[in-house]
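Beneath this line is the structure, given in structure tokens, with notes to follow.
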């Protein structure tokens, strides 16, 4: 990853740096990708309304390059999953993600999409869409304010600007297990779906 | 697709209709002498094989389905022969989860099911809870709840109008509507802190009293909003494309509308003057002077007119409410359900005990059950709660108006064109959060 | 273009402006006049009449439910033309029977009535469907079946509506169903994701498809044999 601060006096290159031309190409590619992200609004619930409000005239998303809401996944760059995802909808989300073409990113908007939201820890709701698709940015909130979503989008833009074409891990398509269709091992999914942090202690009414 | 022996010559005669008057789906053929008969299925294929109709799947992810609704259409060319809706793609176990929550903890759930009308749902729920507890709220609280309900009706109709205009093809009203919605968001945010999922009410009162200057903001809104309505009116209501695309579509007769259990603008556009505020009133609605618009043709255009007029009537109610807003406490003085003020809860032993019991255990209702319905923007919205004396309800049932309204869609779209399906679907004003819960 | 409909006023048979209820007692109070009329008409089938929070609940016999509902709908003195809700209640006490609840409204008379049928635990959970009388009962009864497992005899198309067709965990609103479901999260996800695409269509829908010939052989055989599709 270039020179680390602590090694500055030794001037040792930690990772084989990219050629200068490649970095300029990377910058150009990343800049154009980050500033023309066409969202695939996978809006399900209340967050979808806040997403619409973000796209409307007061908090305009078009100035971030999200001019065209592409409802066809084939023409979209970023999947914004806005709202809670029940298990019945899970295969739909998976199918939409697989229909999107690389390069693609995913923003999970709202607490329900990010973690299942403590209030929906029940039989019907997927506890975080990161158990179904790989997520790049999580935007907390219930629903997040438009400013929150915009901050998430800007974070994604920063993430995209930091990408390097020499990084082989980036554009790898996830490969779900053909039989179970899970792309993570089951114990990992179970762990991700459990309560975490403070909510571990706040299961009084939740059982 | 290889050409088959099953070429069809369908004559425009009545032999194409079955006993119920629906189009026969089996292909017709005519032999050399011109006799028309239905084609027998080739051997080895299931007998009721259909030939020339197309199966189209709309959704669950689709820009025009207003959420995750899935419509499977059987099309004969462009005409819809049959529509099979599939719901449940947003089922999140609200009713089950509420059996594990205290009554006050259920209030945020009411926000999230019909998320366009969230303050109205908050009001509906606490009205039911107060009926169960036998609590009479203060006059100030009643008037504030009326203001909240009408603001939420306007909010919901704004989204409805914006998205329906987009579905039919007009984008600009959407932006105008959402800008007005931002004005209401600002009002709600100043009052309770949240824009959309407000949780504005509490059992026995409100989450907070209105801040200073809020009424002036509201008055400003009631003055500027009608101008926007006139603007939208001028662009949409007599617009040839709009009228041409929406009249005569999705007609439900008054008898059908009542029999299918439709409510709200759906049933009023069909000519049935049923409004819960007038017929089973609550919050002293009988003392407000307002009219309930009723349509005459039961089509999409009438539903649009009804909803636009309802917004104007809501402004009228809000103005009356502002005029009569009394001073006084907003929360009832009942320690069973209302938290004591923090200053007392941290100093006075009894208040601390009340606070503790309410937060840790939750308010405990008497054994009983009640069903309280309000007129939400979608129709008759009711909460049926059954209590066994414990702080968590035995059963919390949401009567979803959009769910029942949507069940009539197969009836409404049969015989119409594919693009009409989108317009009719938009006119029902569905919110999947409420339909699937 | 159809002729315009004449406006039907609610409360046509009950003149006067109703008022918001105040100080409603928890128990007791004036019962709905329809309860008395029901007792007169169907003496043996009425088990009990309760008035709770101002609402009248009538507990009726299961066998006569459809007749009672039809009479309430058709009789000129009752005119319960509006079905508001069909739902069920299961109490936490395992001794108490399940209650299936119908909420009826009479728009001309501005009345509200609750009918209940008690189903003993362990007995067959089925009640007659009121779909022949109220078309609005269609989806409401399907949801009640989906959530509780109560069968509605006479319903034209009783299948799950909120959960998916092959949902294996049971009927969610029953009290013996844990709030997080019966399986682990990964297992629930696996069950949700691994259904093959044909399972998204019902057999009836697939028979419409023009691509019937292009379906794989085993699917066509399954359809011809009348089997269910998918999982």
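Odds and ends about this structure:
Each chain carries a letter (A, B and C) given by its place in the written order, and its residues are counted from 1.
We adopt the following convention: contacts are C-beta pairs under 8 Å (C-beta built on N, C-alpha and C of every residue); 3 or more make two chains touch, one makes a residue touch a chain.
Quantities reported herein were computed from a predicted structural model and do not represent experimental measurements.
Comparing per-chain C-alpha centres with the mean over every protein C-alpha atom, the closest match is chain B.
Comparing mean CA positions across the assembly, the chain most remote from chain A is C.
Looking at contacts between chains, the pair that accounts for the most C-beta pairs is B-C.
Computed centre separation for the pair chain B/chain C is 20 angstrom, with centres defined by C-alpha atoms. Look at where the CA atoms of chain A average out and do the same for chain B: the two points lie 31 Å apart. If you average the Cα atoms of chain A and of chain C, the two centres end up 40 Å apart.
Contact with two or more other chains is made by residues 163-164, 172, 177, 179 of chain C.
The multi-chain contact residues of chain B, meaning those touching 2 or more other chains, are 88, 91, 93, 96-97, 100, 436.
Multi-chain contact residues, meaning those touching two or more other chains, occur in chain A at positions 88, 122-124, 206-207. Looking at the complex, you find that chain C touches chain A at residues 163-164, 169, 172, 177-182, 184-195, 200. Interface residues of chain A facing chain C in the complex, by the touch rule stated above, are 87-88, 90-91, 94, 121-124, 126-127, 131-132, 176, 179-182, 186-187, 189-190, 193, 206-207. In the complex of the two chains, the chain B residues touching chain C come out as 1-2, 4, 25, 44-46, 48-55, 57, 72, 74, 82, 84, 87-88, 91, 93, 95-97, 99-100, 131-132, 134, 136, 247-248, 251, 253-254, 256, 258-262, 270-275, 278-286, 294, 296-298, 366, 368-371, 373, 380, 382, 384, 386, 388, 390, 394-395, 397, 399, 403-404, 406-408, 436-437.
Contacts from chain A toward chain B in the complex involve residues 42-46, 48-50, 52-53, 56-58, 69, 71, 83-84, 86, 88-89, 92, 96, 119-120, 122-125, 142-143, 145, 204-207.
Interface residues of chain B, counted against chain A in their complex, comprise 60-63, 67-68, 88-93, 96-97, 100-102, 105, 108-109, 111-112, 115-116, 118, 159, 174-175, 178-179, 181-182, 185, 195-197, 360, 362, 392, 432-433, 436.
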